[in-house]
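Read the structure below first, then the notes.
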Amino acid sequence: MQDILDEIVATIGASKERGKVADYIPQLACIDPNQFAITVALADGRVFSSGHSDRLFSIQSISKVFTLTIALGKLGDAVWSRVGREPSGDPFNSIVQLEHENGKPRNPFINAGAIAIADAILKGHQPKETLGEILQFVRFIADDDSIGIDEKVAQSELVTGDRNASLAHFMASFGRMKNPVDWVLGTYFHHCSIAMNTEQLARSGLFLVDNGRNPVSGTRVVSALRARRINSLMLMCGHYDGSGEFAFRVGLPGKSGVGGGILAIAPGKASIAVWSPGLDEVGNSKLGTEALEKLVQHTGWSIFG
Amino acid sequence: MQDILDEIVATIGASKERGKVADYIPQLACIDPNQFAITVALADGRVFSSGHSDRLFSIQSISKVFTLTIALGKLGDAVWSRVGREPSGDPFNSIVQLEHENGKPRNPFINAGAIAIADAILKGHQPKETLGEILQFVRFIADDDSIGIDEKVAQSELVTGDRNASLAHFMASFGRMKNPVDWVLGTYFHHCSIAMNTEQLARSGLFLVDNGRNPVSGTRVVSALRARRINSLMLMCGHYDGSGEFAFRVGLPGKSGVGGGILAIAPGKASIAVWSPGLDEVGNSKLGTEALEKLVQHTGWSIFG
Amino acid sequence: MQDILDEIVATIGASKERGKVADYIPQLACIDPNQFAITVALADGRVFSSGHSDRLFSIQSISKVFTLTIALGKLGDAVWSRVGREPSGDPFNSIVQLEHENGKPRNPFINAGAIAIADAILKGHQPKETLGEILQFVRFIADDDSIGIDEKVAQSELVTGDRNASLAHFMASFGRMKNPVDWVLGTYFHHCSIAMNTEQLARSGLFLVDNGRNPVSGTRVVSALRARRINSLMLMCGHYDGSGEFAFRVGLPGKSGVGGGILAIAPGKASIAVWSPGLDEVGNSKLGTEALEKLVQHTGWSIFG
Amino acid sequence: MQDILDEIVATIGASKERGKVADYIPQLACIDPNQFAITVALADGRVFSSGHSDRLFSIQSISKVFTLTIALGKLGDAVWSRVGREPSGDPFNSIVQLEHENGKPRNPFINAGAIAIADAILKGHQPKETLGEILQFVRFIADDDSIGIDEKVAQSELVTGDRNASLAHFMASFGRMKNPVDWVLGTYFHHCSIAMNTEQLARSGLFLVDNGRNPVSGTRVVSALRARRINSLMLMCGHYDGSGEFAFRVGLPGKSGVGGGILAIAPGKASIAVWSPGLDEVGNSKLGTEALEKLVQHTGWSIFG
């Protein structure tokens, strides 16, 4: 495994065509695109890394997997009255579908859906409290208490977050926000600004590898059924309108973030985190996707046979 | 396995709420909704059935899996210049997305996409010739030479097929039809009218279970990579705008038809065919989906863990 | 003329089917629907009224005619880089068209367009200052210094204005807001809350009757060409997606507001204000439209022959 | 008047930037763009022309004014159950709006609407018969029996008319076609292929100038109310998604065709025909629009004051 990862770093990690760093969040725009890391956390507890696997990056939308998990824990199936579970066929920040469907987001991984989830888990509490809870959960599943929020990124998003503010007010106009829009956006921007390295991120996905339990500690995080369902949502909707492409090429449930990270799950086998800041035209890490494609070729981990 | 299937027939197969038989094709509208069948063809060659597994039904859109496979064999990756591979987020017969994307269908399983695939495999030949080729392929993968086309259904579709004629002419207006629209529609309506029973249908999916080879005869149908990719497309797009729901509840690649059939693939394990004519509100077999959900609960075959 | 107006009040003004009072702004929801007024201000200076023509109502979107006029005075044709001049074919608060056209509103009379106009006339000044300017202009063209803003309505809109906040943030996300969104919305909500009676409103439209000059005082407000253009925009876009219907039935340039008022212009002949709080299904005064239709039948004032 | 027209021909008619000749109908693509003609038929019977006013051109969509008039004569207000009367906000051949509104076209002047009108006036008769009726009507209102159909253009449209075939089949799929799609399209393509010169075209519009009567012969064609309504539809919808622009710049009801013709009506004053084959980006005659703008500047004929 170490050889495979080293080869991926040496070939794909050194590629000239690295995509384009997200430029709409100032704090992300200045990231050096020549960074690359990959970590594989196996179901048996062994962890392999290569590249800059100790460098922190903004996990951005990958955090939506964690907030969805928390929301399912708090609300159960009532979550599905707030968001749907179909691919949207639209870019991550589209508002068209919302207008046609009475303000209900198609799934929890497009921006509108994640904002609705943030509203759902706030439940009238202060954003600070809720963010503490989210952080606590991420530290627990990653088994690492050092994980925190990058305040500079969060502030940077607040300042430039007009599109997300628009989505939130739009849903509010359909009576779909239970908390003040400002609170919801504050929570959303902050959980998107959680900073992790690929080692932490790979570990945090292990509960989705082993039927809802952490295979190392044996602790149950969610039921087996819920873990499968979260995986299905990651596959169907985890890469916005590039989800079909990711399933076609990689064949694993995965969630990307505009910080350049991807978390992918090979059920029963491994949790994989990869990071390369340059994005393709639909907003997913370009080299990250290529690295996962290569890894699956080597390991045969595709869920499709 | 026989016990599981018998229980499914006894419980789900006897359900009162059976959905609504497709009514826009006259010949399908008069089907008795109280029919139900399920067949599991295991990777080791054993086949189990329960219910009306010897009754022929119109496979309709399930045939799109077969025509896609043929098109990939004939054109290779050039197929993807004709159709995309993303979920559409729209109903199966929507034309909106086509207008916004220059007449290129999102994927090969929505109607427009399957019509584009029919055009691709015609390649200037007569529809009769191409239909012969399609039938020959289906008989080959199902290992059953008795499989044929229900002419009454095909005629019924031709007469009422204005929506599909609209889609075909629309694509033609973007220069995307290489053959006369009439030929393409004739081919499309006829391959949708192939009649099979669940035993034949389950056997026909075996090549997608075992990396592109028929696990019984050992014959290779497609490469392992291509089999995985077809499975990924079935999962992402096989149930129109209910694909997310099917992945969430069943967790297997599958393709439905408005005749009430579903073909589902559990990679490495089994090919499953189920049939119940009543449809849910997005056009997928209501009891068929419930039966597959139950089967996966019993067998643990979900690809998501 | 007085007889015609009295007959309109006696027949149409007494109609049982009065439409539905706007309910999304709390302060408007409690208006008594059994009020009705009509005023005709002739080009020769005579003014005729009937019904509750001295009661103040919220002019709402009718104010967009005045802010457009102010914006054209300040920016000239540069206004058209901010908003288009085509009918939108969508409801007044739709966001779909904005997404497809890079955040540029189709015309200055849909909500997004009027918000863009509010941003244009703010030009970095405080909302209070700009609102003072707007009020001054309205008082000038109506020749009535008593006209003011209903603060209760303005506050009511601020509290419930999520849809407009969404539109404003959406445009901001395309870089189309030069001032803080809060300032723009504050200005917009306040100018929509100007309160007038039909006498004041009819007088305020006189400059559009006589080629840009007030026919009574002789004062020029805008050039003849500009007056014609404002009239053309009122006809094409003044009643949202009911503009075609209004042109078909009434045949005069007009602008409606959800407070139940309509200002209509018969070029060369008269400025007409009508008020009845009940709205039809697209948000225009139901009886107000009927009254104008009847008035044009009597007077032959249609611009179409 | 002759001087004004001669000046228009000498300046605008000689412009270098002439727009682009319609290229999707082969027979139209080969028209010489350096042709230009204008005719003004006054309400008092005098007719003034300049430029190539005796050359025949394909009137294309201008014919929709005539078929609408015929349909209103045959069906009365029942026409409005077949088509709406709102601007569409979409290009002339868009299908998106149809899908969202159950196959009912927004107005009779977009292609779908005119196809629906052709279906309405067929009423089970043969296309040949109906075309005879249409020609007879056009000859009657233009008072010229030499007007005919350019068969080459009609054939050219039939061959390349996939977009219109798509629209027709789409409406048929909603049960909105009472006649075979082929008959409807044949009728539509042929009436679009009527050939006229500007003199004939200007005369044909005279009944819309004088309250539904031909002001020269005194013959009534339609009621005064109907004439006003047709004028309102021309203003609101006569230039597709450039209708707002035309109203803003010219200020007259008008209908354009992709053959480069425009028929404009100045109620009470004149019927105007202009022809220049080059089109602007939304499909309306570029120099034709400029010529009308200039003419209105000289005459003050704008309906907006």
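For reference, chains read A, B, C and D in written order, and residue numbers begin at 1 within each chain.
Basically, a contact is a pair of C-beta atoms (placed from the backbone, for glycine too) under 8 Å apart; a residue touches a chain by one contact, two chains touch by 3 or more.
All of these numbers come straight from a predicted model, not from anything done at the bench.
Asks: How many hops, at fewest, get you from chain A to chain C via touching chains?
Replies: The least step count works out to 1.
Asks: Tell me, please, which chain's centre (mean of its C-alpha atoms) is farthest from the centre of chain D?
Replies: A
Asks: How many angstrom between the C-alpha centroids of chain C and chain B?
Replies: The computed centroid separation for chain B versus chain C comes out at 55 Å.
Asks: So what's the Cα centroid distance for chain B and chain D, whole Å?
Replies: The mean C-alpha positions of chain B and chain D differ by 47 Å.
Asks: Would you kindly tell me how far, in whole Å, the mean C-alpha position of chain D lies from that of chain C?
Replies: Taking the mean C-alpha position of each chain, the two centres sit 32 Å apart.
Asks: How are the chains arranged in terms of who touches whom: line, ring, star, complete or other?
Replies: Per interface graph, the chains form a ring.
Asks: Could you list each pair of chains that touch one another?
Replies: Listed in label order, the chain pairs in contact are A-B, A-C, B-D, C-D.
Asks: For the complex, give me every residue of chain A touching chain B.
Replies: Residues 84-90, 97, 106-107, 208-211, 224, 227-229, 231-233, 235-237, 241-245, 247-248, 251, 253, 265, 267-268, 302-305.
Asks: Can you name the residues of chain C that touch chain A in the complex?
Replies: 94-96, 99-100, 162-163, 165-170, 172-173, 177, 181
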